[in-house]
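Going by the order they are written in, the chains are A, B, C, D, E and F; count residues from 1 in each one.
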Amino acid sequence: MARFVLSLHSAPSDHDTTQRLYKFATACLQQGHSIDAIFLYQQGVYHASESINLATDELAINSLWQELHQHGINLILCVTAAEKRGLNIATPNVFTVAGLAEFAMLASEADKWVQFK
Amino acid sequence: MSTLHIFSKPISYYDNARIANLIQSDDKVLLVSDACFSIALYRQLAAKLLVLTEDASARNVIISQPDEGLDYTDFVALTLSTTQSITW
Amino acid sequence: MINVLVLSQHSPFDDLHIRDALDMTLIFAAIEQNISWLFTGPAVLALKKQQKPESLGLKNYFKSIKTLEIYDVENIYVCEKSLIDYNLDINDLLIDAKALDFKAQSKLIAQQQQVINL
Amino acid sequence: MARFVLSLHSAPSDHDTTQRLYKFATACLQQGHSIDAIFLYQQGVYHASESINLATDELAINSLWQELHQHGINLILCVTAAEKRGLNIATPNVFTVAGLAEFAMLASEADKWVQFK
Amino acid sequence: MSTLHIFSKPISYYDNARIANLIQSDDKVLLVSDACFSIALYRQLAAKLLVLTEDASARNVIISQPDEGLDYTDFVALTLSTTQSITW
Amino acid sequence: MINVLVLSQHSPFDDLHIRDALDMTLIFAAIEQNISWLFTGPAVLALKKQQKPESLGLKNYFKSIKTLEIYDVENIYVCEKSLIDYNLDINDLLIDAKALDFKAQSKLIAQQQQVINL
């Protein structure tokens, strides 16, 4: 069984990439693999904004993150990338604020790193 | 030793002539999202293209021989059967 | 009344580009300006029939594109060359649109007071 | 003398576009033209995030907006685009929250609309 | 009746063959930001290119004949001497 | 120790792409992995000498790129074809970099455990 890290590079307005990351992560877990971390980098940091609240006919982004969090996946917000983009990192709900170094160490130990953008 | 190349946009988004030079004959090319619209235009990158089936059908695109449709289980397996992936 | 052209060049699910352009087009129609919308490059794929993004959990905004006709937005144009590139025929599109060659597109642009590339 | 509206379509991490918009706006005013509005649309809405706070060797984005605001320019945040992108529109500081209709009306009356991206 | 075409990235970012067909002989082409790096590659769009001088010099790029360097005052005037602008 | 390749394809002031890639490269060097950085397409322009973004009010991150040598990041590669496209010579670059043809780039990619496109 393999160890994965995933990273998300596009903003929450890219609904299509978000649902693909979610489905890939779910499929990993279903096949018995582990996901050591999902990392929000570049425009992906805006997923940690507290105000994402879309209409009912839109992708339920918050629920997807909530579900991945409940599966025990470490959801990491890159503090450097977030600060550069003016994101308030005080209240990142299901996300853990961490530095690049922590993520790079997780990535170095993983078997596979798959980027989503 | 092979690389998985993942594309999510129509090929006009990429510098395809340059990228084509970086794809080896035993590499795999996977089309997801809006890349599925233009399967034919991706033929220059690989003789056989892998396509995420649910992304193609949501776009009313039919996958036909020699290309192959994949589900998410296949997608995960593909990342494990290749050495590394590049999301272009 | 001014002539405003919205220009779309992005593929259907590339961020919210097409949806932003749709909002802009509908608003200019609502305030009764002479609005036109030109689809070129991969944006022509946003007019392709029978797409079902709800199967992916995504909003089916193609239904909203069809409402353009209800709101009397009649000036919908597509790049003829881009239709060919993506193997589409004018009859494969979900609304009535006029296919324009490059010369006609240039003429359309020249008639505008404002061109908004979204 | 002409009436302009300007729109910004890229995120605050695109420092280069931000400084260009600022310099263009300043040059307009210096030549006696008026700017009826600057409109944040698409990824540009993230400029209204309250937390943009960059290091001293970075572009002073907040000061640029403050200055344009002090020149009396109407800085408009598109509420539709902001909500779709998960931006908290409760505290938009120098920006005014408005709908697309308001902006479209301003744009229809202006002589020129210049986009920055 | 002429259009101002504004580019801010190297030409490989754009579908240049398609855009070239939409530029008329009396239109103006202005290069700003990273478009300044590749002035020569933009020659296919216009015989004479206008370039934002301060963006070019920050990138260690020299503007030479037949091209013309502009400051922001010129840029504003250019938007007024053309009928409409397109920021590609 | 694993082999990690950071891939840059964006132009120098296109958002923060090159700066994000620089951060990633420096971090992998700091945690002592075998990091390489390949510049291709317009990203090769990020290595062009004597740029002065501070004249525009922008941070001069080229100074930080020069520190790669201090941190012993030695595996800096540029696409030979892209250098030609942008009329640059290997001596026009602000740090020592190896120009690679496509075959050598493919070989470099094949040697990696992870390739990160930023």
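FYI, a contact is a pair of C-beta atoms (placed from the backbone, for glycine too) under 8 Å apart; a residue touches a chain by one contact, two chains touch by 3 or more.
Since we're looking at a predicted model, the values are computed, not measured.
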Fill in the blank from the handout: By label, the chains that touch chain D as well as chain E are C, F
Problem - For chain C and chain D, chains touching each - result: A, E
Exercise for the section: Average the CA atoms of each chain to get its centre, and name the chain whose centre is farthest from that of chain F. Expected result: C
Practice task
Starting from the Cα centroid of chain E, hunt down the chain whose centroid lies farthest away.
Solution key: A
Problem - Chain pair, C-E or D-F, that carries the greater number of C-beta contacts - result: C-E
Handout entry: Interface residue identity across copies chain A, chain D - same or different by half
Key = same
Exercise for the section: Please compute the C-alpha centroid of chain A, do the same for chain E, then give the distance between them in whole Å. Expected result: 39
Problem - chain A and chain B, separation of their C-alpha mean positions in angstrom - result: 23
Handout entry: Euclidean distance of C-alpha centroids - chain A vs chain D, Å
Key = 30
Practice task
Give the residues of chain D that touch two or more other chains, as numbers and ranges in rising order.
Solution key: 11, 13, 16, 43, 84, 112-113, 115
Handout entry: Numbers and ranges of chain E residues touching at least 2 other chains
Key = 12, 15, 33-34, 55, 84-85, 87
Completion exercise
Multi-chain touching residues of chain F, meaning two or more other chains, are 13-16, 41, 56, 58, 114, 117
Fill in the blank from the handout: Contacting chain pairs, sorted by label, are A-B, A-C, A-D, A-F, B-C, B-F, C-D, C-E, D-E, D-F, E-F
Completion exercise
Per the touch rule, the chain D residues reaching chain E in their complex are 2, 4, 16-17, 20, 23-24, 26-28, 30-31, 33, 111-117
Handout entry: Sites on chain D touched by chain C in the complex
Key = 7, 9, 41-43, 80-81, 84, 100-101, 104-105, 107-108, 112-113, 115
Problem - Of all residues in chain E, those that touch chain C in their complex - result: 1, 3, 15, 18, 21-22, 24, 83-88
Completion exercise
Residue set of chain F touching chain B in the complex reads 7, 9, 40-41, 79, 81-82, 102, 105-106, 109-110, 112-115, 117
Practice task
Name, in rising order, each residue of chain A that touches chain D in their complex.
Solution key: 11-13, 43, 46-47, 49-54, 61, 83-89
